[in-house]
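Okay, so subunit A shows up in both of these, paired with subunit B first and subunit C after.
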Partner chain A sequence: MFNIEVTGEFVAFFVFAVIIISGAVLMVSFTKVVHMVISLAAVFLGLAGMFVLLEAEFVAFVQVLIYAGAVSILMVFGIMMTKHQAMQDEPKRPVHEALSAIAALCLFGILFYAIRITELSVPEQFQAGEDNTMEIGKLLYTGYVIPFELVSVLLTVAFIGAIVIAKKEAD
Partner chain B sequence: MGDLLLEQLTWGNALIFFLSAVVLLMIVLGFVTYAIYFERKVIGWMQLRIGPNRVGPFGLLQTVADILKLLLKEDTIPRKADRALFILAPVLAYVPAFAVLAVIPYTDSLYFADLNVGLLYYVALSGITTLAIVLGGWASNNKYALLGGMRSAAQMISYEVPLVISIVGVVMLSGSLNLRTIVAEQGNWFWEWNFLPQIIGFVVFVIAAVSELNRTPFDLPEAESELVAGYHVEYSGFRFAFFMLTEYVYVYAIAALTTILFLGGWHAPAPFLDFVPGLLWFMLKFACIVFFLFWLRATFPRVRVDQLMGFGWKVLLPLAILNVFVTAAYIEFFIKR
Partner chain C sequence: MLSSYLTMAAILFCIGLYGALAKRNAVVVLLCIELMLNAVNLNLIAFSKYGVVPSLTGQIFSLFTITVAAAEVAVGIAILIALFRSRGTVEIDEFDEMRR
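The block that comes next holds the complex of A and B.
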């Protein structure tokens, strides 16, 4: 039935998948905001693990650096300023919840069916660059140099904008 | 170690990896025990005191006794604390601290992981510890702990930026993020090591690293005269020990990283000194940096929080960026491969 060879990669994939899925589920079901951020950080770490499995180490550790590190800390930092026992209480809406559950199940069914019937073309053996970090760098500065520069300008604009807004509020 | 990493993973190899991790853990624990003893002795001498000298010969067992005391202490969790996060925080702080040691190469043949983004791995994982410190401060439900956690987050985020940018110069010179390649690219004479060509980067790196370690003169997160003890006020027993352990393991990691990035790793300072094994040179440089950190602690006063932030953003960050530009210009005009 399952013609799958149990290899280290397979086991690692399942471990990361469990981390990602349980993190995502817990993120929705926790009531304290800080707990939500922690489960979100777990999802980010699991994703980084998936990138490592795909031999994209650079993306994996940038994921850890930016998302699991910086973004999570920023969110915790923001939340810490608010009320300590902040709970998210929602009124119970049984009909609404039942309908959402059915819709979610249907979506899962459609996706699962679509994935099962699709004939995936066997890709030619993917050649991960010897040093894929170097390859990413070269591509960024040759083929994609204009988008790259545009994004950096956009980030600078956003950065300056944030400072201007903060200054205005301080005055 | 290198050939072993490329072999098929069998149970035997997995056992070897596991055992070598355990050995590394033991070495690190031994380092931490005697680094604390050494620190207290050195600071004692610098301040005309004797330092620990009661437990064991020359006080050598003082730290062992302290750790035993910590482990035997009652483990208290404040009733109003966030129990789950309070327990999670020390673990989350320590795991990345130990995990970063995986990419440190000690000699040409002695290393644990040959990762092509080793430097990025180090920087990325050490950020997780900041998250743990903030969480520990928040979960304690104590105003001093919260203030310590906030300061820690602000400080570590501000200083991580110049720390990373100061390394960029080294990466540009060696053309790799792999720590082994970075060492191999540095020359055989001591003036060919990165600390002279990258003198600005080196100074910025050392200052930012001391700040990342939360050590004097940047130990604001645990400024005992203002915050009682900072983010770990409510921690006791082995949870507190874990936070202390994290701090000292990062001392180990940063000292090793500085050796690798700027002081030529296992290279001898001159080719005719090659008969001394590389591991000894590594340990010697490593020990000098550890001593330097203790020396700073004994002689510097603590900076104020506004000075700290201003210094990080207005002095170190522009200097680090300037270093990147100067290095780029230098490579463009003189080396240009």
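The block that comes next holds the complex of A and C.
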């Protein structure tokens, strides 16, 4: 089960996994919300590196642009607009937190068991194409045109709705 | 190698689930939901390389997921700002008037 040969991909995977897991654990254990956003940005960057390992370069750069750039900045703005001295106060509900931890651990146990007992067949070699971006563009504008257009409508509606909701009332 | 990526995504999802259940600040809950969505993206891309039928479809799906997540964050932050303006707090256990 643990006879893994040490290849370059394994070493890179290990490094990115350490970045991601430590960032996520730090995120749930920090007390200041701004520090949480910074460690979440580290998680997003580690995930982008993992996408590069999986030969999904375009998605990796989209991840850096959208998540590490836009979503983190939006979260910082959300913190600034809601509460200036943004501090998570000390946990006053230990039973609730313990129950949450037990639920998460149970879910992880089930998932880990399912992953372990599943026969993961060795696939044929992945043909990524020479130009990942061009292949994705071709596929997006031939087979997935209608979902693509629907997503553009969704984005427009969501952003107009966000402006309308967050606008000051009575003027 | 696929099972390592799936385990990685499971760990990330469970940390996000714990944060979303245990935290009180609504901004932090939104951050944890983003963490869970990212775990799903990692699964999609891992299957697009190591799945039974490897193809680019998983990457397309993850692009759509990223788009929907961006829209969700924008609307979520807007709702939080409106709530903060009317109630003066973002602690999620203060918003319980539908329970009474």
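The rule is simple: the second predicted complex is superposed on the first by the 138 of 171 C-alpha atoms of A that agree within 3 Å, B and C clash if a C-alpha of one lies under 4 Å from a C-alpha of the other, contacts with A are read in each partner's own complex, and residues count from 1 in each chain.
In this section, contacts are C-beta pairs under 8 Å (C-beta built on N, C-alpha and C of every residue); 3 or more make two chains touch, one makes a residue touch a chain.
Only a predicted model underlies this, so the values are computations on that prediction, with no experimental measurement involved.
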Inset, instruction - Please work out whether A:F61 is in contact with subunit B alone, subunit C alone, both, or neither, and reply first, second, both or neither. - result: first
Legend entry - Touched partner set for A:V34, first subunit B, second subunit C, both or neither: first
Legend entry - Which superposed partner A:A12 touches (first subunit B, second subunit C, both, neither): neither
Legend entry - Which superposed partner A:E97 touches (first subunit B, second subunit C, both, neither): second
Inset, instruction - Check the residue A:F77 against both partner chains and state whether it touches subunit B (first), subunit C (second), both, or neither. - result: both
Legend entry - Of subunit B and subunit C, the chain that contacts the larger number of subunit A residues: C
Legend entry - Which superposed partner A:L26 touches (first subunit B, second subunit C, both, neither): neither
Inset, instruction - Give one of first, second, both or neither to describe whether A:D131 is in contact with subunit B, with subunit C, with both, or with none. - result: first
Inset, instruction - Would you mind listing the overlap between the subunit B footprint and the subunit C footprint on subunit A? - result: 58, 62, 70, 77, 132
Inset, instruction - Could you pull out which subunit C residues touch subunit A in their complex? - result: 1-8, 10-19, 21-25, 27-28, 30-32, 34-35, 38, 41-42, 45-46, 48-54, 56-57, 59-60, 62-64, 66-75, 77-82, 84-85, 90
Legend entry - Residue ranges of subunit B in contact with subunit A within the complex: 9, 82, 84-85, 88, 115-117, 120-121, 123-125, 127-128, 130-131, 134-135, 138, 141, 146, 149-150, 153-154, 157, 175-177
Legend entry - Residues of subunit A defined as touching subunit B within the complex: 8, 32, 34-35, 38, 41, 57-58, 61-62, 64-65, 68-70, 72-73, 76-77, 80, 84, 131-134
Legend entry - subunit C contact footprint on subunit A (complex, rising order): 9-10, 13, 17, 20-21, 24-25, 27-28, 33, 36-37, 40, 43-44, 47, 50-51, 54-56, 58-59, 62-63, 66-67, 70-71, 74-75, 77-79, 81-83, 86, 88-89, 91, 96-97, 99-101, 103-105, 107-108, 111-112, 115-116, 120-121, 123-129, 132, 135-136, 139-140, 144, 147, 151, 154-155, 158-159, 161-163, 165-166, 168
